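Shared between the two complexes below is subunit A, which has subunit B as its partner in the first and subunit C in the second.
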Partner chain A sequence: MNGRRYLEIRNDSTPVDTTGIPVLDYSLFREEVTAMLNRDDCHCLNYFCHPVGAGLRFICCIADDSSGLIRIFSHEKGDDDSALQSLTPSCSAMHIFEREIHERHGVRFEGHPWLKPVRYPSYRADKLSVMNNYPFYTMAGEALHEVGVGPVHAGVIEPGHFRFTCNGEEVLHLEIQLGYQHRGVESLFTETGDGLRRVLLSESIAGDTAVGHGLAHAQLVESLAGFNPPGSLQVERCIALELERIAVHIGDTAALCTDVAYQLGQVACEALRTMVINTTQFWCGNRFGKGLIRPGGSNYPLTEEITVEILRVLEEVERRFGNIVSCIYTLPSVLGRFEETGTLTRQQALAVGAVGMAARTCGIPRDTRATHPFQYYRQTVINPVLQERGDVMSRGMLRAMEVNESVNIIRGLTGEWSKMKKETERPRYELGFRPGSLAVSVVEGWRGEICHVAVTGINGRLVHYRIKDPSLHNWMALALAVRNQEISDFPVCNKSFNLSYCGNDL
Partner chain B sequence: MRKEFRILSDHGLQYVPDLRNQPVSERFRGMPVITAGGEPSRIEAAASLCPTGAIDKQTGSLDLGRCMFCNECALNFPEIFRFTNDYRIAASKREDLIVKPGNNGSPGFDGKAVRQEVRRLFKRSLKLRQVSAGGDNSCEMELNAAGNVNFDMGRFGIEFVASPRHADGIVITGPVTENMAEALEITYEATPSPKVIILCGTDAISGGLFADSPAIARDFIEKHHVDLYVPGNPAHPLTFINGLMDMLGI
Partner chain C sequence: MTGFILIVIAALFFPGIILRTKSIASGRKGPGLFQPLKDIAVLLRKGSVFSISTGLIFRIAPSVALISVAGAMLLLPFSEHKAILHFEGDFIMFAYLLALGKFFMIIAALDTGSSFEGMGASREALYSMLVEPAFFILLATFAMFSSYTSFSVIFNHFYITGNDYVFIYSIIGAYLFVQIAMVENSRLPVDDPKTHLELTMVHEVIILDYSGFDKALIHMATNLKFALYGSLIYNLLVPAGWNTLLKIGAFFGVQTLFAVIIGITESFRARNKMNKNPKFILTLTTIALIAFMVILILTEKLV
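Up next, the complex of A and B:
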C-alpha cells in the first residue's frame, strides 16, 4: 500500500485538506478498506457521506491501533440511483455505518443483509419510514412468543424499544429499535456560528458523558484552529475525564447490585458515587462536569485546593469501594447471577466492531488512551484493563479494576500538574477554523471510543459535523449477548453494558 | 460478616436531614441575582452572548426556563449577573421562572397557583411515572438520585413507579422529540386522573438548545396544564425535591 490511496493523520493533530484526500474508484476503495478492516488491530472510527455538488462524497476513517495512525479513505458517487457493493458481507462491523448512510441519503448497498433504520432522523431520505413501522425480524412457531418492552421502561431511563423472540423463558433473538431520542444534534452544530452554543450542544450529546463528548468537541475545534492546549490544561482535562469514568463505573456497580437485589452493594456504591460527583461539582459547579471542558482554556482552572480535595475524596472512595467490591464479587448469590450470564465472545465483539469496555471485557485491547493518545495521555503510560470472558461478571469486574486504575492515573496526573507552569487561560469561543479541512478527534470516554469529525468549507465555516458515540457499535453487542439467556437476565445484561440511547439517536 | 459491618460503619448516616437547607458547593449555580440599573449596552451584549436567548435584551431579566446555567453571563458581566448556590428555584407558574433585575434571591414559591386537589390528594403519597423524551440522561440520573440514600424523597411518600396506571402524574425530561411524542401522549393517557405534569430540566421547560430543531414536537407541552417547573441542566435532586415539597405544601 502506498500513501496515494489514503491520507494518514494522528488523533488530535493538524487537519487535512479535503482536496488532498485521494478519491478512489469504489471497487478499489472496497478492496483497500476490506483488507485493512480484516486486521484485528484495525477498526472503523467513522464512515459517512456528505453531498458535494449533485453527488455524494464518502469518507472512511480507519484506526490502526498498532501504529496509532488514522487512515482516511474516500470515494464519490454521482447523482444516480446506482447501488454500491456493500462492505458488510466481508466486514460485518460496517453494517451500522451503511445503514446510517442508507437512512440519511437513500444510498442502496447491494449485498447488505438488511438496511434497517438506525434513528429515524428528521432529515431521513424515506419519510414513509416511521417509528411505528420498524421492520422487526420475526420467527413463527407454536412454542414461540414475543415480548415487547418500551419505549417507556419500568425505571427512570431513556426510551428505546426491545423486542424479544422467546422460546419459553429463553431469548432466541433480541431486536433493539432506537430513534426515540433523536434531537437533530449534528445539524445544530453546523447551523450555528456560535462557538458557545456548540460547546453546550457537545455537553448535551449524552449528559452522562458530558466531559467525554465535551472534550472530543473541544479537541476538534482546537485542531481546526491550530490551537495547542498548554500542558496544564491537558492535564486538567484528563483528570476530569477520569473522574467521570470513576463516578459512572461506581454508579453502574450500584445499579448491577440493584438488579440482583443486593442492597448493601447498591447503597454503599450510591453513596460513593455521590462523593465523586460532588467533587466534580466542587470543582466546576455541576455534578456531571457540564461547564468544565471548553475550547482554548477553562472557566474553572484547577487549583491547589481542588487537587487536595480530589485526592482526599479519591483516597476514601478507593478504600471503601475496595471493601464493597470484595463483598459483591465473592457473594455466591451475586456470582450465580453474573457468571456466564450474557456472554459476548471475542469473535462476536470483533464482528460487531465493539469498542471500549465491551471490547476490553472480551480480551480486545481497544483503549484509545493507549493506542491513539490525546491530551496528556500522550505523556502518560496507560495499561488497558482487560477481562477475557465477556460475561456480566467480566463487565462488573472491569469497572472495579478501572476505578482503581483511574484513581492511580489521577494521582500521577496531579503530581505532574503540581510541577507544571499554570498556563490555562479563559475559554475561546470565537476561534477561526482552517478552511477546506477535515479534522478527526477521538476520546476514550467511560463507555469507550468517542469520535467527532468535522469538515469546513472554503470560508472556514463548519459544513459537516459527525458524532459517533461508542454505543453505536455496542448496542448490537448487547443484542448478541442475551441470545440463549433467560429473559429475566436481560436487566443485568443491559445494565452491564449501560449504553447510551441519546448518544445513538443524536 | 465482619466485612459487611465495616462497610456499614464506613457508610454511616447518609441521608440529608434538612433538605431545605443542605449546604452545596459555592460554585453550584442556582438562583441568579441580577443588579438593577445595569448599563443598557452591557445588558444587550449579555443577551446576545446567551446561547438560548434566556436574557431579555431590553429588561435584562433572565428566564430560568431557558437558562443552560453555563455561567457565561456572570463571568462576562459580573456587575449585572451573579449565580447564588440557592437550589430552590422550582416554580408553579412559567412566568415565575423569569428573574427580574433588582431581585433579592428567590421570589418564593407561589403555593396559591397549585390546584387544590393536588395538595389534598397527594400530600402524603405521590407516585410518579417518568418519561424521557429526548433527555440527555443527566436529568434522568438526577431523578434517580432523588430517591437514593442521600436525598431519599421516599421519606415523603414520593417515588417513581413502573406503570403509569399506578401513577399520580408524569415527570417529563428532554425537549420532547417528534419520535417520542406519541409514546408520551399514550403514557399520559394511561395515567388515571386527577394527575400532575412536572417538567424537569431546561430542555423540558423550553426546548433549551433544541427549541428550534425540526426533530422536536412540543404540542403536548403546549396543550396541557403544567403543575411544576423544575429548571436546571440537569435539575439538581435538591431542586426537584424542594419543588415537590412546595407543590404539595410539605
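Up next, the complex of A and C:
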C-alpha cells in the first residue's frame, strides 16, 4: 500500500525512527484514519500527542487484525489556537482519545459530541475543570429520577462515580465519571531514569494485571534496547500471563455468583482462585505475580519443580472448575439473572472500540495473542474463544471457556519449555535505549489488549510514555450495556465486565 | 403467655441456625450459634448516629417496628394455651400490626432523602402489598375450615374438626407461611440479606442509615418475626392434643427445621431478578386462592 502515508510495524518488532513517520496534513490524516477505522478488523491502539518544539505531534497507532500489522499515522499542529475537526462523529471509538488529548493539551476538537474530562491529571490544560463541575448529561421529566453511586462504594473498591438516570427501576442512561486517583503514572515513567523503578511502576498500573502490564513494559523496554529475549524466557512469561488469566477469570466467576446471591458458586470458585494464585506465589513469592516479569531476564526462572506443581494444580483446578461451572450455568435461578441481562450488541462493541473479553463476547475476534502475537505466542496456535450474545451469561461463559483454553495453552507451553535450552538470565535494568525512536508493545492481558507506547529523545531518554488499559474503551461499553436494564442488575453487569478504575485513572 | 415466651426463646437461636446452615453448606465451620446475639449485644452498647436530614420519624421507626412485632406476638397461641390477647378477627390485627412496623420503616427510609433508600422503600412497599392477599386468603381458608376467626380458637379446633383433609391444609399452610415469611423478612429469593450492593437491596437498603442501638432494635424485630412465623407453622402442624413436653419439643423442632430450610434455600439458589419478584409473590396468592376455593367447595358454601 502507500508507504508514504504511514509506517507499518509488527507488535514487539524493532522501534521506528520518529523522524521516519510521515507527517500528514490533518485533513488527509483524518480521511486515512477514518477509512482504516471503519473496517471491522481494525481498531485504534492509541492516539496521543506530545510536544515537539512549540507545537504538538500527534501519533495514531491502528491495529489491523487481519494482517497483524500496526500502522502508525501522524500529523502535527503548531502552537496556534486553531481547532481540529473531530474524528469522533465518523468513528466514535476515537472519542476517548480525543477527550484525553483535549484534557491534557487543551486542543479543541470541533464537532466532538462528548468532550468531557477523562481523568483530571495534575497537568491538565484547564485547571478549572474539577470533579464538582463535571458536565453530566441530564434529562428532565416528571417520572425520571437520578441515582448517584459513589465515589465511595460499599465494597472495598476503588473510587468512581456512577450517575444513573432512571424511570422507576429502569435505567435510561448511565454516565460513569472516573478520575479520582490523580496518580500521574505516565509522567513518573519519564521522570525517573531508574529501570527498576519503572518496572515496579508498570506492575502497579493495575494491581489485578501486574503480569499483563509488567510484560507490556518489559517488552517495550527490550524492544527499545534491541534485546531479543531467549525462548525459555518467552515461554515463562506466557505461562505467567495465562496463570494470571486463569486466576482472575475464576475469581470473577465467584464474584458473579456473589452478586446474584448464589453462595455455592461463590465459595467453590473462591477456593479455586486461591489455589491458582498460591501457585503463582510458589513460583515467585507473590500471589499476583509481582516481581515475576523483568526486562532482560527473570529473578525467578522456571524450574522443573515449579512446572510439576503448576501442572498438578491446574489439573485439579480444571476438573473442579468444570464441575462448578456446569452447576452454575445450568441452575435456573442463575440463568434467570444472567441471560439477556446487560446485552452489548456487536454494533455497540464496534462503535466504542471494545477490546478483549468485551469484544469477544459480541463475536468480534479481537485477541492480540492470535492477531498480533508477542513472546512465545508467535510459535503457539491460539484460537480466540468467542461468544455471540454479549450478555452477562456470555461474559460468564467466555471466562469459563478461556480458563480451559489457558490450561491447555500452559500444558503446551510447559511441554515446549522442557525441551528447550534454559537461557534465562538475570534481569537487566540498565538497558540503553535507541535514541529518537517510537516503540509500541501490545499484550493481551486477561481483561484485553494492553498497549504501551514509548518515545525516546535524541539522547536515548524516555520523553513520552503512554499506557492504554483495555478499560479505557470498555467503560463506555458498560454504560451502553445497562441501558434499559433494571438498575438492580447494574452490579452484576459491572462485575461481568470487571473493568479497572486505576487502569483508567493513570 | 407460653406462646410469647417460647417465641422469644426460639428467636434467640433462630438467626444462628440460619447462619450455621449456610456456613456448613459452603464448607465452612461457621460462627457459634449465638454469634448474631453477641453482635446485637455489641450494638446495644453503642450510640446511634443520625443524619442531619432525618427527623422524628427516622428516630422512632425502629422502636415502632420492635413494638409492633411484640404486639403481634401477644396474639399468637401455643396449642391449647390461648394467646395473651384473643378476640374474634384477631388475625387482622396481627397482620396490620406487622404492617404498621413495616410502614414506619418505609417512611423512615424516605425520611433520609437518599435515592437508594427511596428505591428500597418503593420495592419493600410493593412486595409487602403483594404478599398481603396471600396471607389473608390463607387465614380466611383456615377460618372457613374451623368456623372461627381468632387465632387461639382456629388452631385449637384445627385437628378436632374431623375433616379428612386437615393434613393437606396443614402442609399447604406451612408451605405458604414459610414463603410469606421469606418475603416479609426479605430473604432469598426475593431479597439478598448478605449483599453489599445498594442498588440490588430491598430491605437492607432501607435500614442502611441506622447504627448502634437502633440497628440492634431492628435486628431483634427481624429475629422475633422469624420465630413468630415459625410459631404459626408449628400451630398448623402439631395437634393441640399432644402431651405438653412433646409439644415444646415439637415447637423447637419446627423452628429449627424452618431455619434450616431458609439456610439451605439461601445456599443453593440465586436471587430472583427484581422484576420477577411480583410474579413470584403473586404465585403465593394463587396457591392460597386455590386452597380457599377448595375449602368453599368442601364446606358446601360454593355450589
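Side notes on the structure shown:
As a convention for this text, the second predicted complex is superposed on the first by the 505 of 506 C-alpha atoms of A that agree within 3 Å, B and C clash if a C-alpha of one lies under 4 Å from a C-alpha of the other, contacts with A are read in each partner's own complex, and residues count from 1 in each chain.
Please note the rule applied: contacts are C-beta pairs under 8 Å (C-beta built on N, C-alpha and C of every residue); 3 or more make two chains touch, one makes a residue touch a chain.
Since we're looking at a predicted model, the values are computed, not measured.
Contacts of A:264 after superposition: both subunit B and subunit C are touched.
Of the two partner chains, subunit B is the only one that A:152 touches; subunit C does not reach it.
In the superposition on chain A, A:300 contacts subunit B only, with no contact to subunit C.
When both complexes are overlaid on chain A, the residue A:207 reaches subunit B alone and has no touch with subunit C. In the overlay built on the shared chain, the residue A:490 is in contact with subunit C alone; subunit B does not reach it. The larger set of touched subunit A residues comes from B, when the choice is between subunit B and subunit C. After overlaying the two complexes on the shared chain, residue contacts for A:405 are found with neither subunit B nor subunit C. Contacts of A:449 after superposition on the shared chain: neither subunit B nor subunit C is touched.
In the superposition on chain A, A:175 makes contact with neither subunit B nor subunit C. Overlap of the subunit B and subunit C contact sets on subunit A: residues 154-155, 264, 267, 271. On the side of subunit B, the complex with subunit A involves touching residues 3-4, 6-8, 10-11, 14, 24-25, 27-29, 49, 51-52, 68-72, 75, 129-145, 148-150, 160, 162-164, 174-175, 177-180, 182-183, 187, 203, 208-210, 213-216, 233-234, 236. Those residues of subunit A that touch subunit B in the shared complex are 120-123, 131-132, 151-152, 154-159, 179-184, 187-188, 194, 196-197, 200-201, 204-208, 210, 251, 264, 267-268, 270-271, 274, 278, 281-288, 290-291, 299-300, 320, 323-324, 326-327, 500-502, 505. By the touch criterion stated above, subunit A contacts subunit C in their complex at residues 145-149, 154-155, 169, 257, 259-264, 266-267, 271, 331, 333-334, 336-337, 341, 486-492. Partner subunit A is touched in their complex by these residues of subunit C: 22, 25-28, 115-116, 118-119, 188-189, 192, 194-200, 266-276.
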